[in-house]
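What follows is a pair of complexes built around chain A, which joins chain B in one and chain C in the other.
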Partner chain A sequence: MARPHSVRHQRGFTFIALMCFFLLYLPMATMVVFAFNAGSTVGQLDGFSLRWFRTALANDQIIEALLRSLTIAPIAAFFATVAATMAALATTRTAPYRGMALKVAFINQPLMVPEIVTAVALLVVFSRVKVWTGYTGLGYIIAAHTAFCIPFAFLPIRARLETMDLSLETAAADLYARPWSVFRRITLPLLWPGILAGFMLAFVVSLDDVVITEFIKSAGQETLPTYMLGQLRRNVTPEMNAISTLFLAVSVIVVSLFFLLSRKKT
Partner chain B sequence: MFSALPAIEVRDVVKSFGDARALDGVSVRIKENEFFTLLGPSGCGKTTLLRLIAGFDYPTSGEICLHGKDIAGMPPFARPVNTVFQNYALFPHMTVAQNIGFGLEMQGKPRSEIAARVDQMLALVRMETLRSRRTSQLSGGQQQRVALARALAPQPRVLLLDEPLSALDYKLRKEMQGELKRLQTETGITFIFVTHDQEEALTMSDRIAVMSGGRILQVGNPRDIYDNPQERFVADFIGEVNFLAGQVIGIDGRTARVRLAAGGEVVAGLPEGATPVGRATVIVRPEHAELRGPTEQADLRGRLEQVVYFGTDTHLHVRLADQSEFVLRQQNSPRGTADLQPGAEVAIAFKPGAARVLKD
Partner chain C sequence: MSQAQEIAEEMARRSVRTRWWLSAPALAVVFLFAIAPLAVIVLYSFMAKGDYGDVKYWQFSLDGWFSVFFERGLFDDSIGIAQAHVSILWRSVKLALITTVVTLLIGFPTAYFIAIRPPSQRDFWLFLITIPFWTNLLIRTFAIQEVFRNEGVLNTVLMWSGLIREPLKIMFTDLGIFLGMAYVYLPLMVLPIYASLEKFDFRFAEAASDLYANNRNVLWRIIIPMTRPAIIAGCILVFIPALGAYVTPRLLGGGKNLMLGNLIELQFGQGRNWPLGAALSLTLTGVVMLALLVYVRAASKEGRSHG
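Now for the complex of A and B:
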C-alpha cells in the first residue's frame, strides 16, 4: 500500500467504529421516535403525534422539577467555574513546586471517588447540618453540585492555560500593567473560551446528576432527573421519552451554541 | 540631563537557579543614549541579565541601578524600562494599534494623547496602513515592527531587546538592523541589545559586552573588541583568529617580545592590566598578516597547504614548523595571485600592531 499507515486500514476498524455508533445513537434514535408516538405503549408505533410533549408540559410536577434543575445548574456551574479558574491559575501560573501534583489530584478527586460514596458521605454530614441549622433549602444540593462540578470545569480551563504563552503576561507587566490589569486585559480574555467550555461542562453535569441529588435532597426537592427516576420506578410512560427528547434537544443546542461562540473567539 | 549618571549600572550581580549560577558576578555601566550590546553564546546568561533589568526576576545578590537609583526590588510595571521579546509576545486579541497603545493606556494617559502617540509610532515603524489588523495577520517583519513600536510608545528610559532579529530571514534581518539603528538615533533611548551574532554586534553597537558562562569578559567598542581581545574566548568568539604559542622573553612598556614555538620572535601588544611572564599565547587575525616570498624578511615561515577562494578574498592555510596551522586572508583583485601553489615554501609578515598577547 502506497499510503502511509493509518488506523483506518486496520482490519476490523470500520466494524468496531460502526458498532460504537450504533450502541451510542441507536437507543437515542429509538427514544426520539417513540417520543413522537401516538400510542400509549412503549413497543408499538401508532403514528405521529405531539401528545406526549403536551402531556409532559402540562404536568406541574415536571415543570416544577425542571425549574428546580434550571435553578441549581447555573448557580452550581458558576461557583464551580470560578473555583476552577482560580485553581487552574494557581497550578499553571507558578513554577512547578513540590506537592502540586497532589493538589491537582485533590481537585480532580470527585472524578476518581465513586459517586455513591460521596453521596453517602454528604448525606451523613448534611442530615446533621440540617438538624443543627434548621435550614432545608436548595443550598445543600447547590453546594454538593458545585463541589463535584469543579473538576469538570477545571479540565478545559487548565488545558487552555497550559497552551497560553506566559510571555504575554510578562509583556503586559512590562508595559506598566499591574497584576489585576494583566489578569483582566490579557489572561481573562485569552482564557475565555476555556472558561466558557468549563461552565458548559459543569452546567450539563449538574443538570444530569441523579445519584448525589437523590441522596441529599429534602422532601419536595425533586430535580428533573430524580423525578424521572421516580416515575420510571412505577411505570414507563411515553411522557418520559418526550422529556428526554427535550433534554437532548436542549443539550445539542447548548453545545452547538458554545461551539459557534468559541470558534468566533479564536 | 542625566548624562553624569549611567542609564543602567549593574553591580556584582549574581543570579542562581538552584545550584547553577546563570550570572556569576556581573558588573557593567551602560551610558545614556548608548546602543549597548550583550554578545555571547547561547546559555551564557544574556536573557537572565535582561530579565533582571526589566524586573521579571530578582538578583540573588548585587545591585541594579537606573540613573543611580537602586531598582532591584521594583516590580516590572513600575520600571521605566520596556522590552522587545524574542518571540515578540504581541497580544493576539488586540489590533496593531491597541497593542501599541497598551502601555500608554496602562499608564493612564488620556485617550487623545494615546491616539496621537500611536499614530506617531505607526509612522515611525512605517506601519500606518496596518493599524487595524490583528497581529496574527502580520508577517514576521511586521510583527517585529509592532513589537518595537509597542515598547517605544511609552518612551521608556531604556529599551531591552532580546535577540529581536533572530527569527527573521537574512535579508529582512539586514534591513531591520538598519531600522533599529535609525530608531535608536531618532528616539535617543538607551538600547540594550542581546545577540549571539558577532557580525550584528559589530555593525550596530556603540559598545559591546562579551559574555561567557555568566560573566562579562570584556567591554569595549567594536574596534576595540575586535582588535584587542583580552582573552582567548573573546578572540575566538569574534571573527577568526590564529593562536600562536610562545614564551615571553622581554617586556618593553605596553609590548612584549615573545619567542614563538613556530620559530622566530615577535613584538606583541600586551592586554590591559596584565604583564604575563613565561608561557603566553599570541593572536593574529587572518587579514592582519601578509604573505611574503621565502627570501624576504618575515615573522613566520611555513609551507602553503591549501588555497581556498572565497570571492571577495582568498584563505591561505600555512603549516608552521611546530605543525600548527596559520590562516591568512588576502583581499582578491582582478589580477589574481596565480602563482600560489600548495606545497610552496612561504613567509608570513604581520602588519604593525597585529600581534597581541592574551591574558590567559
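Now for the complex of A and C:
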C-alpha cells in the first residue's frame, strides 16, 4: 500500500530538525571526547585517559570555587523557595485583589531586566555598601542570587497551586483544623512537588550564574562559573573540558530526574 | 450592622493582612536587590563622572546620556556622533535580530518535528532539547568555541577534506558571535513553539486539506497563524537575552567585536565612566521593555480574536 497522504508532513522539516539535533550535540560531543583525551593539545586525539579529570580535581582553585558555588546555591535556593512559596500562597486561589498583579510583576522583575543591567546596578550599590560597612563576605552574592532565583522558584510553585482547589482545605477548616495545621497537613503535602521543582530550578539557576556573580564578587570569591570564565579568556586547557563534562553530566542527571518524576505521574 | 456581616468583614481584613504578610519577604528581597539598584542606576546616569570611576555625588550632569550617541571634539566644542557607540548598538541589534530569525527558521521545523512524533517518542526528542537548555550557557559557549577555533574540529575536518587550505576565521568575528548565540539560544525558541504545536488540533489541518489546501498552504494559513503567540514568545525569549548578551560575545567576539553588554562592562571597568555605563544600561533596558510591550500587545490581541 502506498503511504497515505498525511497533512502532517512538511517537506524539509525532518531534515532541518535532524540537522538541528546533530549541530546541537556535535560541539558538546567534541567537548566530552577531548575531556577523555590523553594528549595535552586540544584538537588532537591521543587515546583515552582520565588524566584531565584527575588534574582538574587536584586543582585547589577549582575545588575551592566548586565548594563556594555549592555553598551559595543551596542557601540562595532555600531562601528563594521559602519566599516564593509564601508569595505564591498570597497571589493564587483568591479573587483578584488590588495590587495582586503588581505584586506578581514585581516578583518577576528580575526576569525582565537584562542580567548585565542588574549586574552593574548591584555592582554600583554593593561597592558603596562594601566601603560603608567593611563587610566583604559571601552575603552579597547570596542576597543577589536569592533575588533573581525568586521568580524561578515562584513559577512552578504558583503553577502547582493553581491546579489545587480549595475544597480540601475548606473541608479541614470545617472540621475545626486550625489554619496552621490546615497548611501543614493539607496544603504543604499537596504543594510539595511544586516546591521541590521550584527549589531545584532556583538551585540550578544560582549554580549556573556567571554575569551577576562576576560583577559583584569580592577579591578571591570565584565561583566555579566565574573561575571558568576567567580561564576561558586566557587559555583553554583540557582541564576545562573535564570540568565542563562534569557540569554537563550533572545537567543530564537533573533533567533525567525531572523527566522520570513527571512521567510517573501521568 | 448584622453580626454576620461584621464577621465577614473582619475575615476579609484579616486575609488582606495575611496576604501582605506572606508576600512581604519576596517583595522585600526583590525590591532591595533588583529594583532599588535599578533606581540607583537611573540616578547615576544623571550625575557627573568621577575621576577614577564612580560618580561625583549630587553633581548633576547630562553627559552620561549625551555620550550614548554623541561626542565632543577633542579640541573644540564641535558635536559629533559617537561612531564607536552607534556601531556597537547597531551590531547588538543586528546580531540579536539575525539570531532570532535564524533560530526561528531552525527552531520551528524542529519543534514541529517533535510535535508530530508518536507520543511515546516525543519525550525522547524533547529530552534532547532540554539537556542543552539546562546546561550552563558558559559551557555551551565553550563547546562551540572548540568547534570554531582555528585548530578546532570544523577547520580540521575542512582542511583534511581539502575543501579549504587556510583555516576559516570564525572566532573573534561577528559571524562567530552570531553562530554562538544561535547555538546557545536555540532551545529557548524550540520549547515554547513545541508547547503550542503539541496542543495543535490537526483536525483543522485535515479540514483545510479536504478543501484542497496543499500541505504548504496548511502550514502558512492554518498552523502558523494558530501558533503565532508561541512563535512571538519564542522570538522574544531569544531576542532579549541575545540583545543583552555578555558571555557569548566576550568569549567568541574577543576584544574588538563588542556588543552592548560588553560596552556597558567597559564603562564600569577600564572606561571609568559610570554615568555613561548607567545610561547605556537604561537604553538596553528600554529596548527590552519595548520588545516586551510589543509581545504583550500581540498576545492580548490574539486572546481577543480567539476568545
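Assume the second predicted complex is superposed on the first by the 236 of 266 C-alpha atoms of A that agree within 3 Å, B and C clash if a C-alpha of one lies under 4 Å from a C-alpha of the other, contacts with A are read in each partner's own complex, and residues count from 1 in each chain.
We take it that a residue touches a chain if its C-beta (ideal position, glycine included) is under 8 Å from a C-beta of that chain, and two chains touch if they have at least 3 such contacts.
Keep in mind that what you see is a predicted model, and the values were worked out from it rather than measured.
Judged by the touch definition given at the top, the superposed model places A:Leu175 against chain B, while chain C stays out of reach. When the shared chain is aligned, chain C comes close enough to touch A:Thr94, but chain B does not. When both complexes are overlaid on chain A, the residue A:Gln109 reaches chain C alone and has no touch with chain B.
Of the two partner chains placed around the shared chain by superposition, neither chain B nor chain C is touched by A:Leu57.
In the superposition on chain A, A:Ala144 contacts chain C only, with no contact to chain B.
Note on chain A: of its two partners chain C and chain B, the one contacting more of its residues is C.
Applying the stated contact rule after C-alpha superposition, one finds that A:Leu70 touches neither chain B nor chain C.
When both complexes are overlaid on chain A, the residue A:Ile186 reaches chain B alone and has no touch with chain C.
Overlap of the chain B and chain C interfaces on chain A comprises no residues.
Listed in rising order, the residues of chain A touching chain C in the complex are 5, 7-14, 16-21, 23-28, 30-31, 34, 42-43, 79-80, 82-84, 86-87, 89-91, 94, 97, 103, 106-107, 109-110, 112-125, 127, 143-144, 146-148, 150-151, 154, 204, 207-208, 210-211, 215, 225, 228-229, 232-233, 236, 240-241, 244, 247-248, 251-252, 254-256, 258-259, 263.
On chain B, the positions that touch chain A within their shared complex are 54, 56, 75-78, 81-83, 85, 87, 89, 91-93, 102-103, 106-107, 150-151, 154. Residue ranges on chain C touching chain A, taken from their complex, read 15-16, 18-20, 22-23, 25-27, 29-38, 40-41, 44, 54, 106-107, 109-110, 112-114, 116, 123, 125, 127-132, 134-140, 142-147, 149, 151-153, 156, 183, 186, 202, 205-206, 208-209, 215-216, 218-219, 240-241, 243-244, 246-247, 250-251, 261, 264-265, 268, 274, 277-278, 281-282, 284-285, 288-289, 292. Every residue of chain A that touches chain B in the complex is listed here, in rising order: 165, 167-168, 170-178, 181, 185-186, 189-190.
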